[in-house]
Structure formats: C-alpha cells, structure tokens
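Take a look at the structures listed below.
Same chain, two partners: chain A is paired with chain B first, then with chain C.
Let's look at the complex of A and B:
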C-alpha cells in the first residue's frame, strides 16, 4: 500500500475541517471494508485517511421523540440489523443490511459507508428510499437531504467538499406497514445484487417501491407508486404496475447479468413483492 | 489399543494447529535479510518483445535485482518443455511474467516494476482453440517441433496443437451400423480457477556456496526440485525444497509455477531471502487454470440402450503454455469411454495453444470436463429411448471383465453397486417432495478416474523408531488439506502395532524426507501408503530380528502388537518397541543392531505405454476408481435459479482408511462440483483480458447453499492398494455438474450444455422451450 497520513480527529468539527482542507486528497475511514480494499488494489490513493470510527454523534442508534429514529453514519450494519427499534419499525432496512457481505464484514461495514460508496446496488439504499429517510450532512452548516436526492450517480453523492454524512433519520410510519426487500444475486450470500427491490405498504393503500442495481443510482418507482395509490391490488393491477416500473429503470448489461435478464428479474421481484403486499393489505 | 486403526476416524494430525490458527504457511515465514519480489506482467495477449529497458528500475534505491527473459529464458515443463522461466522474445497471454524485481520492500519493488520500459509489437491474438487449429492460424509456438517432451505426448509440428491423443478401438463405423439410433451433440466447459484459500507463495534463498533453498506452497517438492534443476542445469542436491502446510492445492500447486520466477531473483541476490506471495488477481490468472473444453460426441445405441459406438472429439483450450495441460488431454483421451464399456470407439483429443492463461492440473484432471459431456449425452439417450437413466447406466456400466478404451480388461469393479446404492439413497423410485413455487428434478451421473501419472511415478518413506517407542514418519507428500499426514500415520501405526498418537509425520523437506513424485492424481494414500507399509514392515522385520536374538529364537517366532515385540507362542515374553529402538542391549551391556530405521519404496507395476495411433495397450494407469452421484434440485422457473437440495454420493474406494476424512473429501468435492455447475468461469474480453480475477465476480458456493449430502462407500479391494484402498479425492467433484444438468432436464425438459448453468442461462432455456 502507498504512504498516506492517517488522522484520527477528536470530534466531528475537526473531521469536517480536515475534510475541507484536503478536498480530493482525503478519504473517510469507517468500517474500511470498501476503502481498504480499494487502497490495496490501488484504485484509490488518498494522501490523507481520516478515521471517524467512534466519534461522538456518529455511531449508534437513538430515538428522536415524535419523529423516529436516527442512525449514526459510522454504525456497523450488524448493530442496525439487531437493534430492537429497527426490527420493530423498519424491518425492511434490517433485511437490506443483512444482505450485505458476510457476518464478519457486517461487523465492520457501516451504514454511512454503504451509502457514501454510492453504488447503484447498495443493499441498504432501496429500504431507506421507501422509508423516506433523510440524510443529515455536516459541513460548516448542517443540512438535511432526502435520501431520494442523496445519490448523484455511480460512486457519487451530493456531498460537497468539507461535508460528512453524520446520520440517517427515518421517520416513524404513520400507520401499520409492511416492508419487503428482495435481492437477486448469483449466490445466496456474499454477492452483489443484480437487482434489489424494496416494497413498502402503508395501510390503507399507500405503496412505495424502490430499486437497486437497475439505474445509475438507487431509484424510487414514482409512476408505479402513483398508479398503485389507493387501488385494490389485483393481478391486473400488479401487471400494470410492473410495466410502469420497467419505464422508470435503465438497467445495463455487465458481467453479472444482461439488461434483458435484469428486466426479467425486476418484473419477478416487483410482482412477488406486490403479491406479499396484497396479502398484507387484505389482512391475510 | 495400538494398531488396528484402519477404517477408524482418527482425529487429524493437523487439526489443533489449523483450528487455532497456529499452523504456519509460507506467507507466515519471515527471514533476515529479506527481499520482496514483484512481477511485471504483459499487457498483451500476443506480442513480440522488441526491447526491455531495466536501467531506471535498477537505479531505484532498495532494488537489489531485476531479471528478465534475457537473463532467464531456460525452458521448463513437466510433460512438454514449452515454457520459459520469464517471457522471452514473445509474450503469449495477458499476465505473462516479463520481468521480476527483488527489493527491500514490496513498495519499492512495485515502484521499480513501473520503471521498467518494455516495447511490444502486437501480434494477432488467437483465443478460440477451434480457430487456432485451422491451418492458417497464427502460430503461438513457432518452435513446437523443437520442444522436448515425454514419449507419450504427441505435438503436431508447425501447428498450435501441442498434443493429439487418439483412441481407435474396434471399428467405429461398424459400431454405428450396428446401432439403432445415433445421437450427436456438443458440450462446453469454460476456464476455471482452483481458488485455494492460500495463494501461491515462495521464499527462495541461495547461500554463498550456491545452495538454493525454496520454502514453497506447493504440492510437489520433488517435482519442483527436478524442474528447477533441469531448467537451470543445476545439481538436484544443490536445491532444497521445503513445503510447510499448504492452504489448498486442487492441482494448481503441482509442477512448478511461481517458483520459476522467484529462484532466478534469489540467484542474483545470494544471502537474501526473496519472498513472493501472489495477490488474488495473480492467483486467478498467473498460476495454472483449468482448461476450457469443447466436446463433439456421436453415440450409437441399440434400442435396448446398449452403447455400440462412440466418436468423440475433444478440443482443449490449453492456453499459452501446455507443459502440464498436454497430459490432461491424454488422460481424458484414455478415459474417453467414461465409466461404460463401449465396443467401438474413436477418440481424438487435441490440446491447443491459445493466448489465454496457462492450462494445467485441476482436481479431476480432465474428468470433470469429459463427464460433463458423456453423462449428459447418455441421459439424452435414455430420455429419447424411454429408458430410466439409472437403468441405462446399469446396462452400460463397466464390470469385471469389461474392456476399456485402451483394451485393458477390468477387474474388481464395483460401479453397479454404486449406481444402485446412489439411486436408493436419493429415493429414485419414490415420489418427489415439492417446494412451493419451485419445480423439483432428479438426476444421476457416474464417473471414473485413474491416477494420471508417468508409468514409473514412485513413492518412498522412512520410518525412524525412537528411544521412547515413538516413531517419526518421513515422507514428501504435502499436507494440502486432504489429510495425508493422518492417513499415512494410520497405515504406519497399523503395520507397526503402534499407537497412532506415537507417530509424528514430517512435513516435506527434500533435504531429509525421501522421494515422492507429486501430491497429485489422488495417489498419496495409494502410492505413498504402499511405501509406508513397506517402510513399517522393514522396521518390523528389524524389530523381530533383534528380539529373536534376545530370546534365542528365529524372527518368524516373533510378532509385533501393542507397542511390543513378543513371542507368538508366549506373549508374556516380550521387548517393548522402546527397548529395541536403538538396538538390542545384551545382558552384558553390549549392543546389537543399532537404531531402527525402516525404509520403503514403491512404484506401481505392470504399467506401460499405449500405441500412439490407436491408444491401445495393456494398462494406461495404475487402477480405476468409480463412483456415482444422484441429486435433487429445485428450480425457480421465474428466475432460472437452481437450488441443489439433496445429493447422494457413492464411491467404490476399495477400503476406507479414515471414514471421517473420506466423507469430508466427498462433501468438499460435491460443493466444488456445485460451484462448477452454477457459477465458476473465467471470463475473457475480446483481447484476451481476464474480466473477473477476483471473488467479486468469480463466485464460489457459500455455506448457506450447500445441499444435504448423504455419502456411502463401496469397498471392492484393489489388489495392490494399501489394505485394498484406491485413489480417491478428486473423483467427488466430477459427477456433480452433469447430475444437476440431468436433474434440470428431469424437472423442466430443458438442457444446458455449456457450463456454468447460471440462472440467466437456465431462464433463457426455459423461455426458449416455452416459445417453441
């Protein structure tokens, strides 16, 4: 590995200052499961590595009264997966997070890392999109960015120079809900998604759909959602919704799957998700 | 109870060290002064090297040596001597070693590699072996006709064909005439990687006297030594190869690969220890890979399902160098009847150079590729003729008295028992269980394999008896995870009547441990096992002779058991083995005999060559091991994804030495075969660049995907096997993929004839069928 300066800031303010001073030359280290691998492979050669593990206000899960839950960006995935608040209110996020890597990787890898990596196939992203989560970004000022606007392209977020993802806030869902995350990959574990689909239903009839690995960023299928809103979920309705989802995605061909196959899988997973939702809404 | 340990699940000798992480591998070893090596690799699949300028690299502080093909272009190769230590005059695949650097840190070595300037003149790239066989194809090895090779490899001069193996048995045209139906089809297997958990690694050192020591993650200390010696024209006794524990081999660490790069660097830097551990990308691309293979099969059968004739053409994608791969082509050729008796056969097996990574040995040694074709072909025949797939295998299975592809009359064959048992264990005649949303299918496939090796591949063992009654077993079989240490200790204990715990098994060091050809071909329990038996019997003979002197009787009146050498007629009269270990001590204090050292050497007898035009002869390999696997799968018809649910595996391994380890081997093989079936393939772009040299996009099977496995062993003793044991280990991955393919047909009436059976490929086959 090349030579670089390792910095452990004392707090978020110092971290943000170092980020601002170094711009392109700096990379943030949390779990390191993406960063270290890329540094070893010489894909990234940062001059400064800033370690944010354990900084106050960046790790852990807390409840925000009358709102929901905040998850620190440097919280390891396994902590999220096993947390009672997440299990109780946002199980779909736990399902997504559980799809990442292996148990050992999830002990290190963080939610913020998965998001800032900005892979179109990030397994936590579709869940956060359907949950209407908000990213709290700390620069000189703090700003709140809806997760739907957080991703700018493959490997790119809207984070500006000198900004750090601090936490993710997820509002409580107003009514009884059911969320599902379906992932299609080559192997059942330790694989990248070829397609990821999150579906969330809120009684009486709101449905949200988000997908990963099918566009330059994780996306919400807004047209399909609008079409489904308030409708009784029938086989015919599902068929039309699937067709609308296909209009909203732009999958590519790569070594993991062809565009054609990804579209097949998108249809299958959205359909399966909606049939599960149908059962839920019917009280089955 | 001492002795009496054959067939017992003795705990592995290396278990504690490995589960605690204490076991040392090459990567763990550190010496002083140490240098770190890095390799400059070719960015072209086929190019002429116009010039190499290493001057800037040599100037970099910390760089101690830079070597290129200019310095080291000696030829090396096990069967066909076609590879230079470093690329010379030409590069033949993307990744080929062009130069090596040894420096005081890996970072400096890497920096130096970047300072080496190479000018290339690109040449036409040949990636498809069938294109490479055409008369006007660009030649990858212009000097093929000058290369040395063993007498049983047949290169075709001035072509890209590095071996053409033929079988001409009976009269294939006559056989087709006698057939009621003729089936023709094609099957394909892509390149694969072994993916050992420990990558290749070597530390090489040359002392001031010129002695070269190589610490090596390898399967073949003696073969490595011989190959280095031959290439460098260096005395064998001036090269010492030490193999600590090896973290998996699967064939990829046989022969020599990485060593031929590191030793030249060590020769340029006497006194230093030069270390090179491959990264995963190098491990995927720059060691041996499993060759791709395209098979064209034409089979003639009677309406009752008896195979009358088979015409088989196998075209092997051998890669840039086929020094080892050429013999895989041969092994698949002489096994081309598969586990069945076929009266009329014509086989042409071609090893073809292409501008791809170097083909070489991989668990199965051609059998996985061959049986992928044969076992699906037979299944297709069964389905078309309306014969049960189990039944058609029983009809054609090799039995005692069958004549195989080479004209060898077989004996002591238990294949039909394996088929019947596997069918019973999977519940072949019972209704299938169903998983909601999935379609269940059931399939079966058989296999056969012999230990592919030169006819005179030998083993030897030394057994030293110590003064406390313990023993040191010296062998040069490498412990690559297969359990050789434990199995061989059991054999020594059995023969000596000694507790297995008292036998310490050495790791290979060619300076002290005796000759072993290679740890390959599933031959260690068989071949080294026989050598250990002889060594133990030699020690036992000496013990009995000494005890006989003590008791004033003849040695024939003595016996050995329970750590004692006793009078057969009166077991109360005995010496302990400890008492005799350094020789017999007479009542007056004088000694007789001296320390006990048992020695054993072994080579299989009765093997010979095959006729180059017909492939006919008496015995191509030492023996055959047969087996059968039946599987149940669930197919998701909407996504094409297959789950492997149940596997029944039955092998006739002659005699089970250690049931726990034999089952472990089988489980590992099934799962490796499952990976072959579903995921594994090396993907190349149009320039010959490997697109997936990492586990991100080269997928193996996860623990969660492993099937339920039931395993059984038939024990038909092998005449010259230790306690009847046959070679066994590679065999278990061979039939998994074709059995799954046959189950897929059973489930949905679709057939995928090219590996791997990815979900995408399966879904496409489902859609193609539905649209017909």
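Let's look at the complex of A and C:
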C-alpha cells in the first residue's frame, strides 16, 4: 500500500473540516472493506485517510419519536441485521444487508460505506429506496436528501466536497406491510448481485419496487408502481407491471451477466416478488 | 506523521507498538508479532485465510489497518490452545481429519470460534453460513462442517 496520513478526528465538525480542506486527496475509512482493497490494488491513492468509526453521532441505531429509526452511517451491517428495531419494522433492509459479503465482511462493512461507494448493485440500496429512506448529510450545514436522489452515477453520490454522510433515517410504515429482497448472483454466497430487486407492499394497495444492478444507479420503478397502485394483483396485472419495469431499466453487459440475461432475471424476480405480495395483500 | 503508537491486547497479552499508517493488521500479526498461523490468501476479503477475532468478532485482518487495532482485543489461532491443551474446535478438527493442505484451517477455526461464542449450538445451515467467507481450495468442506457440528454436540 502507498503511504498516506491516517487521521482520527475527535468529532464530526473536525471530520467535515478535514474533508473540506483536502477535497480529492482524502478518503473516508469506515469499515474499510472497499477502501483498503482499492488501496492495495492501487486504484485509489489518497494522501489522507480519515477514520470516522467511533465518532459520536455516526454509529448505532436509535429510534426517533413519532418518525422512525436512524442508523448511523458507520454502523456495521451485522449490527443492523441483528437489531430488533430493524428486524421488527424494516426486515427488507436486514435481508438486503445480509446479502453483502461474508460474515467477516459484514462485521466491518458499514451501511454508509455501502451507500457512499455508490455501486449500482449495492444490496442495501433497493431496500432503502422502497422504504423512502432519507440521507442526513453533514457539511457546514446539515441537509436531508431522499435516497431516491442520493446516487448520481456508478461510484458517484450527490455528496459535495466537505460533506459526510451522517445517518440514514427510515420512516415507520403507516400500515401493515411486507417487504422482500431478492438477489441473483453467480454463486449463493459472497458474490456481487447480477440483479437485486426489492418489493414492498403496504395495505390496502400501495406497492413499491426498486432494483439494483440494472441502471447506472439503484432505481425505483415508478411507472410500474403507479400502474399497480390500488389494483387487484392478478396474473395479467403482474405481466403488465413486469413490462413496465423493463421500460424503466437499462441493464448493461459486464463480467457478471449480459444485458439480455439481466432482463430475463429482472422479469423473474419482479414477478416472483409480486406473487408474494399478492398472497400478502389477499391475507394468505 | 506516518507512525502511530497503539496499545492492544493480543491473545491475552497487552502490547504497545509503533505501526505505520499503511500497514495492515495482517502485516502486524505476521511480520511484527511473528504469529504466522494467520495466513494471507487473496488479500481482498474473499478467502478468509486471514480471519482473526477483534473484540470477539471474526474479521479479515487483510482489510483492517494495524492502527485501527488501537484499544482492541485480538485473538489469533495461536491464542486458542492453552499450553498443550487444544481448544475443543481444534480437537474436533483433528478427530475428524477436517483438513487437507491446512492453509484455510486457521481461518476456518477462527470463524467457527466466533460462531460458537455467539451461538453455542448452531444448526448445519448456521455453520455453513458462518464459514461462507472461508474458502477451502481442497474443497474439504464436509469434514470441516462435521467437525464444527461435533463440537456443539459434545457440549450439548
């Protein structure tokens, strides 16, 4: 690994100042499972590495009264997966997070890292998109960004120079709900998604769909959602919804799958998700 | 600027050392502390040969900086046996002949150690999941799983 300066700031204010002063020369270290690999492979050579683990306000899971739950950006995935509030209210996020890497990776990798890395296939992203999560970004001032606007392209977020992702807020769902995350990969464990699909249903008839690895960023399938809204989920309706999802995605061919194969898998997973939702909405 | 003084516990012993910022925990363990039971395989978090426990949790020591070990408690494969008495997991691996070339075994055992600490009676599926980040290129998984299952049955 190249030489760099390792800095452990004492609080968020100092972290933000270091980020602002160093711009492109600095990289944030949270779980390190992406950063260290890229430094070892000489893809990234930051002059400064700023370790944000352990900063007050960046780790852990807390309840926000009359709203929902906040997850600190530097919270390790395994802590999120096992947390009772997440299990109880946002199981679809636990499912997504559980799909990432191995047990060793999830003990270190953080939610904020998975998101800021901004891979189109980030397994936590589709769940957060269907949950209408909000990113809390800290710069000189704090700003709230809906997750639907957080990703700017492969490896890119809307974070500006001197900004740090502080936490993710997820509002409680107003009615009884069911969320599902399906990941398709080349192997059962420890692989990156070829396609990821999250489906969330809220009684009586709202359905949200988000997909990973099918476009430059994780995306919501808004056209299909609008079409499904309030409709009885029949086989015919599912077929039309799948066709609408296909219009909203733009998968590419890469080392994990071809565009054509991805389109097939998208159809399979969306259909599978909607049949599960059909059972839930019918009370089966 | 590039050096940092850290204090940590390794295999029950408190150590204070100077580390470079670009040194990995794996380098500290193998090169500076001479604990070569922990292996380097892929150096990318895929193979699990470098698995150690940090504050009781299994992690890839190739994906952690040495400086991050400050204030932590580290357990490597060398810290399991007490004198000539093997850890029950090691005992079970020996009994089941759960090794071929042996390269993955320290990592496998550390993953098993973390699992059994948290969940003393895991199911076969839970064991498979716990070692899913540990590759055995001899493909000797069945005996490894049997060995871990058997530890739990003995303790039952």
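Here, the second predicted complex is superposed on the first by the 284 of 284 C-alpha atoms of A that agree within 3 Å, B and C clash if a C-alpha of one lies under 4 Å from a C-alpha of the other, contacts with A are read in each partner's own complex, and residues count from 1 in each chain.
Convention: a residue touches a chain if its C-beta (ideal position, glycine included) is under 8 Å from a C-beta of that chain, and two chains touch if they have at least 3 such contacts.
None of the values given here were measured: they were computed from a predicted structure.
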For this session: Identify the partner contact of A:51: answer first if only chain B is touched, second if only chain C is, both if each is, neither if none is.
Result: second
Problem set entry | First, second, both or neither for A:152, with chain B first and chain C second | neither
For this session: Would you sort A:264 into first (chain B), second (chain C), both or neither based on which partner it touches?
Result: first
For this session: Go through the superposed model and pick first if A:190 touches only chain B, second if only chain C, both, or neither.
Result: both
Exercise. Counting only touches as set out at the top, which of chain B and chain C does A:108 meet: first, second, both, neither?
Worked result: second
For this session: Determine, for the superposed model, which of the two partners chain B and chain C contacts more residues of chain A.
Result: C
For this session: Identify the partner contact of A:255: answer first if only chain B is touched, second if only chain C is, both if each is, neither if none is.
Result: first
Exercise. First (chain B), second (chain C), both or neither: which does A:2 touch?
Worked result: both
Exercise. First (chain B), second (chain C), both or neither: which does A:36 touch?
Worked result: second
For this session: List the residues of chain A that touch chain B in one complex and chain C in the other.
Result: 1-3, 189-190
Seminar exercise, completed: chain C partner, complex, touching residues on chain A are 1-6, 29, 32-33, 36-37, 39-41, 49, 51, 53, 78, 101-105, 107-108, 189-190
For this session: Name, in rising order, each residue of chain B that touches chain A in their complex.
Result: 107, 638-639, 641, 678-679, 683, 691-692, 695-697, 699-705, 758-760, 763-764
Seminar exercise, completed: chain A partner, complex, touching residues on chain C are 1-2, 4, 20-24, 43-46, 48, 51, 57-60, 62-65, 67-68, 111, 114-115, 129-130, 132-134
Exercise. Given the complex with chain B, which residues does chain A contribute to the contact?
Worked result: 1-3, 184, 186-192, 255-258, 261, 264-265, 268
